[in-house]
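Presented sequentially are two complexes of chain A, the first with chain B as partner and the second with chain C.
The block that comes next holds the complex of A and B.
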C-alpha cells in the first residue's frame, strides 16, 4: 500500500529508494577507502625504484618483478619459520584452551569464578610489561631463540582470549545433548569428543585461526625473543625493510611486495575457514 | 567376525599411520626447531651481527654476495642476523650479549657502540692489529688516527675498525638553478662561509627558478646531526661536538652551539630560504626536493648520495646535481665525522678460549676482506660513504660515472683532510643526539622556542636524565 510520499512506482517508496541509495554510497565509500590504498600497494610493488617519487600512477609505466623476487628471496626461510611458529601456536593453544574452556563452562570446581576472571584481568595489561621477565626466563631456561620458546611465549597472548571465547561457546550449547549421549552409552569424555567438539567446531576454528594470526603477525615477541640468527619469522624481516627505525632510505616496492607476501597465507587460510568463522561470530 | 577384524585392522593401520606421522612430524620439526644451532657440517661457524646491509639495497646485495663468497673460499659458515638500526639502538643487541648470546663480530655505526665498549665486550684493535693486512693498515692509518677521537673516553685508542667514513655534511646543489640565477657553479659553489651562503641563497631566491633556494631540515633525527653539527664542529672544534673533551658534560649550552643554531634557524625564520615544511623535513626529503627542483641547494648527508644515485643517477652523471665541501671554520676544520665500522668481541665468561680464538681468526679474515681494495671500491655506491683506504679514495677520484661527475668523492676527500673530530662512542650518544635534543631543537625550528632557549633546555634535560 502506497503512502503519501509514494512516487507511484508500485510499492517502492521514496524513503526506500533514498535509504538504498545512501547505503550504496556509504558502501562504495568504505570499499574505496580500503581498496584504493590496497591497489596502490600492489601498484608500488611493481613500480621500478626510480619511479616511486615521480607523479603517482596506479598503473606503473614500466612494471617490474624486481621487488617481488627480492622480497621473496629475503623472506623465503622466514616464511617457513612463521608457518611453523604460527601452526604450533594454534595447535598448542587449542590443546590448552579447549579442555580449559570446557571446564570453565561446564564443570563446577573451587575457585572457578576467581580463576576465570583472573585470566580475563591478565588480558587487560599491556604485554610490553612482560618483555623483560619473559626474556629473562626464556634465556635461563634455554627457550630463547627457539621455536618452542615462541610457541610458549605466544600462549601468553592467545590463551586468555581463547578461553574467554570458547567458554562462552561451550556454555551456550544445550546441556541435554551431553546427557543424552551419556544415556546412549558415551562416557563423559567420549560425549565431549563426539558431541560437544563437533558442535563447537566454528568456535574452535575461529579461535585457532586467531591464534595462528597472532603467531604469524606478531612483531613484539618475534623480534625480542630471537637474535636474528636462527628461527626468525617473516615480520621482523619486514621491519628491517622499513629501515629498522633509522629513517634512512626505504625500498618501497620491496616493502609493499613483502607486505603482500606475508599477508597472503592468512588470507588463503581465511578463505578456507570463512564459513566456520562467520558461524562463530554471527550474532544470533 | 570379519567386520570386527576388519574394524580392528582398520584401527591398527590408522594408529600406525598416526604414529608414523607423529614421528615424521617431530623429526621434521626437530630440524627446524634447532634453528639457532651452530653445527654446520664440520665447518667453523661464527656469528656475525650485521648492520651495513640496511644502508641500501646495493649494500644488502654486496654484503650477501660477499658473505657467500667468503664462506665458499674459506670453508666456514657465517651466521648473519641482518640487523636493523633499532636492534642496536633499542637494546636488543645489548640484552642478547648480557644474556650470553654473543657474536664473534659485529658491524655498526661507531656512535651507537659505547654500550658494548664500556662493558669491555669489545676487543681493542691493538690486540689484533697484527692479524690485519699490512697494505690495508698502511692505507687506513690516517683514518685510524682520526677515529681515536671517537674513543677518547676509553683506555685504548681504537676499538673498531673503520670501513667507511661519513663526513658531514657536504653541500649539494642544482647546477642548472645556479646558471639560471646568473651564478657560476664553479665559482659560487660551495659557499665559502655563512655570509656567502646567505648571499648565494638571496641571489637564487631573486633570480633562480625555486622559491626555496636553500632548504634546512628540522626532523628530530636530523636537526642535530647533519648541517648544524658540521658548522659547530668547524667553528668550535671540541666545543662544537656534542660532548666535551672528557665526556663529563654536554656542549649544547655553550656559545658555539647557540650562535650556530641561531644562524641555522635564521635561514628559515629570518631569511625565508626554506619551505614551510622545513621544521619537520628530514635530510632524505630535502634531497628529494633537490631532485624535483623544489629547492636549489641543501647541506645534506653523505648518505644522500645513495638516495640521489637510486632516484636520479642521470642528474649526478651529467653534473646537474653536484656536491661541494662545507667551509673551513675558525677552528680550522670542515666539520665532523662518524664511521661505519666493524668490531671483534671478547669471549664470554666460561667460553672455550681456544675455540673462540679460532672463531676470531675467521673474523680477522673477514675484516681483511672488508678492507680489501675490491670491497672498498664498492663502499661509496653501497654504504654511500668515503672508503677508508686512501689508495682507493685516490683511485675513485679519477673514475668515471656518478661518483666523479657529481664531485662526491672529491668533496668528501677535501672535507676528510680537514676534519679532526668524530662522534663519540659514548654509551648515551643516542639520547644526547636524538632522543632528548631532537624534539627540543625542532621546537626552535617551529618557532616555539628561541634557538638559545632550545640549547639551554636540551643541555638541562640531558643533565637531569643522563649520568655523564
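The block that comes next holds the complex of A and C.
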C-alpha cells in the first residue's frame, strides 16, 4: 500500500504519479489560457499605437499612460452608471430571491414544484429570445433608457439562478436550528434573521456577487435598453472603442486599458468577498 | 390503563389571538402541571396517523418517559407539547394555561433536540444565552450570572467562548441542556438527547439529567426508544405503540403488570416468554396445555379461564420466573439448552423445547456451559394471560 508520501519517496503507486502529472497538466493549461492573454492585455495597454502596429514586444519599449488616461476619461460617467446598475441589480435580486428561495426551501404552497421547474426551465433558453418583448414592454412602460429599467431587466437573468442556488443552501441547513430558535424565543421571522441568514451568508454573498457581475458585465441588455442620452454603462462603451463593428481603425491600447479599468472594480469586490465566496460551495 | 383522566372535550376556545386569550383554567391550582389531552396528529392529509388519543398528565417535579419502538409517535407527541407541531385535535395545558394555539416561544417550555441543534455561528456562551436574549429583558449581569451558573453545573464553564464545533458530542449536548436550563422553563422536553453518545457517556449523562431534574424539581418529559433507559429514568413511564398510548405507570407497574401483550413484550430484557396455550380441563382442574408442557393455573387465573375451556390464550412469563434445575429433578418439562449468555451477575439461558424457544435468567454459573438439558419450573402465579389479540386477561 502506498504511504501517501507526497515527495515521491518510498513505494509510490503509479496511479499517484499519474494523478499528480495530470494535475500539473491541467494547471498549466489553465494558466496559459488565462494568464497569457491577461499579460498580453496589460502589455498592449501600455504600448503606444505606433509600436503596436510596428514591432510590439511583451515589455513595451516606450511605455505610455495615454491609453489609460484617455480610456478613463471616456468611461468615467459610464462607470458610475455601471456601479449604480450593478449594485441595484444585486440588491433588488437579493430582496426578491432570499425570501423566494426560502419559501421554495421550507414552505408548503400550491404549485411549488411546478413554479420551481418553470423558473429553472426559463434559464435554459437563450436570452436573446427576450430582446424583442423586453424592448417592447420597456418602451411602452417608460422603463426604456432608465436605470430602474436596467435593474428590472437584469432580474430576468439573475433571479432564476439565485433562487436555485439559495434554495439549495436553505434546504441544506437543518430545520432543527430554526425550531430551536423558535422554542427559545424567536418568531419564524426572527429565527430566519438570526439563524438562517448568518448561516446562509456565504451563499448569499456569492449569489449577490454574481448578480453584481451580471449587472456590471452584461452587454446585450445594456446596449439595447440604453441610448447615448441615457444611463449607458461601461461595457457598451468598450464596444464603441472597437469601432462598433464599423471597421474603423481600432486603438488597441485604449481598448485594453478600458477592459482592465472595467474589470478592476469586480476584482476588488471579489477580494473583499473572498472569504465568503470560498466557503459558499463548500459549506457542510 | 392509568393516566387517562380526561373527560374534557377537546379545545373549544377558538379565539383569534391565542396568546392574549390564554385563559387560566378554573381548576388550575391543583391540577397537574402539564396536561396533554386527547392529542391527535396526522400527516400527509390524514394518511399518516402519528399519534392518537394521547392523554398524559405530568405533575410538578415528575420525570416522565415516553418510550416505544421507532415510528410510534413519541417525537410527534413531544413536538405537539412544544408547539413545533400543531395537533389536529386535543389540548395542551401548561401550568393551567391552555397553550394549544400558542407559539413555541410563548409556552415557556424548553426543548432539547436529538440532533443537539446548537447554533453553529455562535459561541457556547451566546448559545446558552440565546433564550434569555430573545425572550427576557433581564439585565446583562443577571444573564451572565445565569449562564455561568448553568455552565458550572454542567461542567462546561471552561468552554464558554468556544464555538460548538470545537466541542465533543457529549459537551455539545451539555450546552444544549444548558440552553434549556437558563430559561428556567415550566417543563423540559427532551427528544432522545443521548442517542448520539457512546454507551458510557450515555449512562453518565442519564444520571446527571436525573440529578438536575431532582434539583430543579421541574417536570421533564424524556423520549427514548430504549426501554432500559426508560426504566432507569422515569417516575412515570408512558409506553406508546403505533400512535397510541399503551400503558402509563410507574416502572414497577409497567414491569410487573403490563396491560397488554405489546407492553409485556417491549419492556424487559431479555424479553418475556410468550407461549401459545390451550385451556383444558382435567378432572375439574383447569390447566394450560402447550406443545412442550402443561401447567395448572392459580385460582385467580382459573376464575377467568373457567368459561374458556378449549380457547387459545397467550401465557406470558418473565425469564426470571423460570427456574432451571438438573434434568433429573421433577420439573414442569425438560428443555434443551441452546446458548448461555452472561449478563454480569446473571446469565440469560436460551432454551428450546418441542420447537419452542424460551429464555430464562439464572444466577451466574447456575447452568454450566456443557449442560444439555434442564428441567424447567414455571412460577405460574407470576405469569400473565393474554387473549390472542393481545389484551390482558389476568
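Just so it is clear, the second predicted complex is superposed on the first by the 252 of 284 C-alpha atoms of A that agree within 3 Å, B and C clash if a C-alpha of one lies under 4 Å from a C-alpha of the other, contacts with A are read in each partner's own complex, and residues count from 1 in each chain.
As a convention for this text, a contact is a pair of C-beta atoms (placed from the backbone, for glycine too) under 8 Å apart; a residue touches a chain by one contact, two chains touch by 3 or more.
Just so it is clear, the model here is predicted, and its values are computed rather than measured.
The superposition on chain A brings chain B alongside chain C with room for both.
Chain B and chain C, viewed from the C-alpha centre of chain A in the overlaid structures, lie at an angle of 160 degrees when rounded to the nearest 10.
In the superposed model, A:224 lies in contact with chain B only, and not with chain C. By the touch criterion defined above, A:187 lies against chain C but remains apart from chain B after alignment on the C-alpha atoms of chain A. Applying the stated contact rule after C-alpha superposition, one finds that A:170 touches neither chain B nor chain C. Between chain B and chain C, B touches the greater number of residues of chain A. In the superposition on chain A, contact of A:135 is made with chain B only, not with chain C.
In the superposition on chain A, A:198 makes contact with chain C only, while chain B stays out of contact range.
By the document's definition of touching, of the two partners only chain B reaches A:49; chain C does not. When both complexes are overlaid on chain A, the residue A:254 reaches chain B alone and has no touch with chain C. Once both complexes are placed on a shared chain A, the shortest Cα to Cα gap between chain B and chain C comes to 8 Å. On chain A, the surface touched by chain B in one complex and the surface touched by chain C in the other have no residue in common. Taken in their complex, chain A has these residues touching chain C: 174, 176-177, 179-187, 190, 194-195, 198-199. Those residues of chain C lying in contact with chain A across their complex are 82-84, 103-105, 109-111, 113, 115, 117-121, 130-131, 133-135, 179, 183.
Those residues of chain B that touch chain A in the shared complex are 29, 32-37, 47, 49, 54-57, 79-87, 89-90, 92, 95-96, 99-101, 103, 219, 221-222, 282, 284, 288, 291-292, 303, 306-307, 310-313. Across the complex, chain A meets chain B through its residues 49-50, 52-53, 70, 80-81, 84, 135-136, 139, 144-148, 223-224, 227-232, 237, 239-240, 243-249, 251, 254.
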